[in-house]
Amino acid sequence: MIVILKNGTPQEEITRLSQEISETWGVKVEKSVGKHKVVLAMIGDTPSINPLQIKGYSPWIEEVLRVQQPFKRVSREFRYGEASEVVVPTPNGNVYFGENHPIVVVAGPCSVENEQMIVETAKRVKAAGAKFIRGGAYKPRTSPYAFQGHGESALGLLAAAREATGLGIITEVMDTADLAAVGRVADVIQVGARNMHNFSLLKKVGAQDKPVLLKRGMSATIDEWLMAAEYILAGGNPNVILCERGIRTFDGKYARNTLDLSVLPVLRSLTHLPIMIDPSHGTGRSEYVTPMAKAAIAAGTDALMIEVHPNPAKALSDGPQSLTPDKFDILAQEMAVIGKVVGRWSERALVGSI
Amino acid sequence: MIVILKNGTPQEEITRLSQEISETWGVKVEKSVGKHKVVLAMIGDTPSINPLQIKGYSPWIEEVLRVQQPFKRVSREFRYGEASEVVVPTPNGNVYFGENHPIVVVAGPCSVENEQMIVETAKRVKAAGAKFIRGGAYKPRTSPYAFQGHGESALGLLAAAREATGLGIITEVMDTADLAAVGRVADVIQVGARNMHNFSLLKKVGAQDKPVLLKRGMSATIDEWLMAAEYILAGGNPNVILCERGIRTFDGKYARNTLDLSVLPVLRSLTHLPIMIDPSHGTGRSEYVTPMAKAAIAAGTDALMIEVHPNPAKALSDGPQSLTPDKFDILAQEMAVIGKVVGRWSERALVGSI
Amino acid sequence: MIVILKNGTPQEEITRLSQEISETWGVKVEKSVGKHKVVLAMIGDTPSINPLQIKGYSPWIEEVLRVQQPFKRVSREFRYGEASEVVVPTPNGNVYFGENHPIVVVAGPCSVENEQMIVETAKRVKAAGAKFIRGGAYKPRTSPYAFQGHGESALGLLAAAREATGLGIITEVMDTADLAAVGRVADVIQVGARNMHNFSLLKKVGAQDKPVLLKRGMSATIDEWLMAAEYILAGGNPNVILCERGIRTFDGKYARNTLDLSVLPVLRSLTHLPIMIDPSHGTGRSEYVTPMAKAAIAAGTDALMIEVHPNPAKALSDGPQSLTPDKFDILAQEMAVIGKVVGRWSERALVGSI
Amino acid sequence: MIVILKNGTPQEEITRLSQEISETWGVKVEKSVGKHKVVLAMIGDTPSINPLQIKGYSPWIEEVLRVQQPFKRVSREFRYGEASEVVVPTPNGNVYFGENHPIVVVAGPCSVENEQMIVETAKRVKAAGAKFIRGGAYKPRTSPYAFQGHGESALGLLAAAREATGLGIITEVMDTADLAAVGRVADVIQVGARNMHNFSLLKKVGAQDKPVLLKRGMSATIDEWLMAAEYILAGGNPNVILCERGIRTFDGKYARNTLDLSVLPVLRSLTHLPIMIDPSHGTGRSEYVTPMAKAAIAAGTDALMIEVHPNPAKALSDGPQSLTPDKFDILAQEMAVIGKVVGRWSERALVGSI
């Protein structure tokens, strides 16, 4: 249930009202200050609360509304239609994810293979405009006999890449037992598609502070995906970015997955959270990445994740979907063309830095 | 099997060689003149032909290659990598579909309901830049009790709309028995998603002259779709446009279908045929049409099909996915922004007209 | 809307009441005599009819109910919960399809290749207990270059097989133009999976007398399938058998399709029509046919369609999913074991014959 | 790579040979004694080993074969075609899962709600022939606001149910952090569908001793499922039972999932592991459970998992798919009818008990 306040409501009245609601009904009250409105959101056993009664608490209340969706905190209604933003501090300055900010590009290899390759790749993608380096330390692999990632030692190499470039780090956690170690290094913690329904993990990333990149499960419905995000917000962490990475359909012969770009308008209407598109996993083939990245920008994405590897033919994982740094340079130029005409491209790499 | 000729091969030699191959091997020989090369394609029992033997027929032969794909005439290889174009004469002049031409916009209502609405809609979409009016006379409907289209009388109304505007007409044929009547009016004959596997119909549209718009079946693989097109080309009609209109996946709650934009790079590499995207059926909701239309342009589509209805709330079919003419005007402006930066938008509405 | 009559309603009263309803409301009235009840079903513009008004027409009326499902005539409600049966006359006598009858087995090759093979196969499958020979004259094939069936001449060969064995014939129609020719020979006309959404064909098989076997489209929902059947009943033909033949899912590596046996209890609750299972197309591999045929019987199927070919390795189509006659003999024995314990197996091959 | 030994190979020779192979090539050698053959399976870097060289090690070697499948230890080839069995000690005696044993029935509620309900249910399902009680302590739920299971305290209630009945316990683990607690109580540890791709969890259940029930992911291919099992075997735990519980397809309106019974013949040919079918989750509706359970038996399942709740209408989770104990009694009788004719039903509840 949310309380929308009239313009000009005095700060003391907001505080008093929050307290009254909280104490009377035993719920948590969260304030969100939008461009147009201040909204108080009530969290807890709200079905038993009568909106009319709340209405009577203050003449400054404009409206009291129930959130109709089963996902509460992630729903757009919960913020009275206002988008949220996820701010990530990096050595190069704060990076903002959200529909009112320039598109954020995340790039890097599938797996962190060695220091030289990750540092080198970080430098190249930074030069092309990326704000984050991605790279897997723990890798979910179909076969137990395939390369499983270098684990904790790879986290150190990611830190070295950040040191060298000032880029933020996005890397995946696969096990609640590794969360502390990953959290010490990552600027954004990724929950992968195969773990979108790993509710234990969702609860634990919800109970820590680092922003979370939540990939869509390969056959997760939009509702299930938003419910997974709701686990994280319900745990106390409001900083979630949703990432579409292709769904499983009946045809995987050419594109390995079906990149579902319609999530952009669909999610935009349902949730206030920022949205990222991953055309590399989404198609599984590097030659399809450029058109799909451009399409994602035209359709309104807030961020992109692109796999880049210095030598895709020798990559320890996902080589066929990785671009070389040279091809990533060209992609960056092509993306900029679309990004500019939709007003979402920043010449200045960093928002918030000097 | 295709024969690539050296630059400068004399016309008489091409004729002579075609004849020799044709007479010796009992195959049909089709010549295609590309930007860089002249290619002779052999059609018939080619597996029994030895390429080396053909090679010996003329010193002007550069190479003899087998088409590896199961779809022969629609494959990109069949034209040695050159795109084809489909040229459609309309009262306003020729319209060209193909990757070397500006994007063609087709718009109009799901069903032709009456003369006034179809003529009015045609005028509005023409003003916004469309080259074709679409509208169903025969409608495939899930329920036998739903409106089935006005049938043959609606064809007359479409002709009136063409008369009034000079736009070309695209309309669907559902039954081989109606093909002659549809063919008399339509400038492009549509085979709908539900009939993509109606092989009798494919054979018959392949045996007539009007260009064919072939929609992808709702669960057709890329290979099956191209094979359906192959039926039409094998029947003798080379003028086929492929149209993606959304596939069926596990989640239809928000977007009714999943619009698979990755077909753009995939088909581009597999076939020489032009590609159209239909974001209206592809998403089923008018509010998703604009972002997906823009995405399709950014990803490289050759054409777009958009549903427009003067009063969507009262439409006899598919109202929820139809734009009003006013919203279509805005869409056209937004599409133009993307279309221009990718070099595929024509200020001049008509290519080939004065 | 249906009218349920009290037990013992005199025949004249039924006739009078039918006439009154029909004349007053301009609807068609169909009588169905079930085991327990006589039901009058009203067809036409029933939403405008007030049930209470009908109730007042006769003291013999027990109840007046609206059919809630979008599919009316095929719904179980339409017959007040009573199953229907499809009776097919064959030279060997009437064969009954329905949940109150023994399971009917249909067997034969994918395509009719020549007289000897079809007659020979018919004799073998008859000996093993089949009541119908199946065999394609017109074949839907993905590739235009694949064997397309022998067409009309194959119909004659099927007639010869019937002549030789007394078995009924089930064969597919693909084009409205061929319907008359197919109808002259077939005892049951098959509409294949690829044509389940060919509404023109559905209307035309609905307007003729031969019973229709309606296969489920490869990605048709249960509702769409029942709506396709509704087209046939709405056309005037009540004799429809529904056939599940496997749906398309994300995994076709081992079983080509996913045979959805849950349609048995689902359809049983939704419709009064008889149900057939085709484990040959449903799995695409002959080694999976036996377990799935037995499962279908255990789950309550009314009929089975099994592909049998004298020499699967040399079959012109679908060899990998065909059993040899010897293996079909063994299958028949294994099916009988399950069929007997569920009370649905007939030692006497023919119901209605001497 | 596997080494098949001739009949009558002396025990010392087997030991000597195992040692020689192991020491020469640095691989682990596992012996499996089948009904007909003794097989030595080599695990490790076998691609570099030359089979001919191994052949020369002993005249008792009949054949040396490479396992062709990507899944090695779970493949049927790995045991030279012999099925494996999983033996689970319970207070009532050993229970055997495998294709050469009677079908094992597992039953119980979705969640453990309180002591009375779980003990009562255990008594009822035992009386009807079940060998295991199932019940969730940790529940994977789509919504963070739904009942999440009573956690560790519910494990104690399961132990009480075992105490009262002698049944074995199957319960799910969702987090590596809970594995020790679950392992102390469970006789078989379940990895749920949503965690089939949780590789960290697979590795950890592979590194402990309790047998594992591995449910198929809702959109997992057969290959991915077997690879997930391979993780467990590769971790050192050979006792895995595979459980099909319905896959996600395009139609979930009536049956919530599509129960894929074709996995029975498919898995039988690919793996030696025992197979269980769960028609309760597989269809999501209690009225569909009986026909699908019977079908599973006819198709050859080794085990069944059925949800039973004393009061489904008040269940804290999955009520609609739960049978009452009374209905379970009837189901057990119907299953027995099919089970007996396929020779897989045991009057004597327990194999291995007095």
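To keep things simple, chains are lettered A, B, C and D as they appear, and every chain counts its residues starting from 1.
The rule we apply is simple: contacts are C-beta pairs under 8 Å (C-beta built on N, C-alpha and C of every residue); 3 or more make two chains touch, one makes a residue touch a chain.
Which chain is which protein? Per UniProt: A, B, C, D = 3-deoxy-7-phosphoheptulonate synthase.
Because the structure is predicted, anything quoted here is derived from the model rather than measured.
Taken together, chain A and chain B share the touching chains C, D. Among the other chains, the CA centroid farthest from that of chain A is the one of C. When the interfaces B-D and A-D are ranked by how many C-beta pairs touch across them, A-D comes first. Between the Cα centres of chain A and chain D there is a gap of 37 Å.
Per-chain Cα centroids separate chain B from chain D by 51 Å.
The multi-chain contact residues of chain B, meaning those touching 2 or more other chains, are 219, 223, 248-250. Residues 70-72, 138, 140-145, 148, 174-178, 194-195, 197-203, 218-219, 223-224, 227, 230-231, 234-235, 248 of chain A touch chain D in their complex. Within the complex formed with chain B, the residues of chain A that make contact are 219, 221-223, 247, 249-251, 253-255, 258-262, 264-266, 269-270, 282-283, 287-288, 290-292, 294-300, 337-338, 341-342.
Residues 219, 248-250, 252 of chain A touch chain C in their complex.
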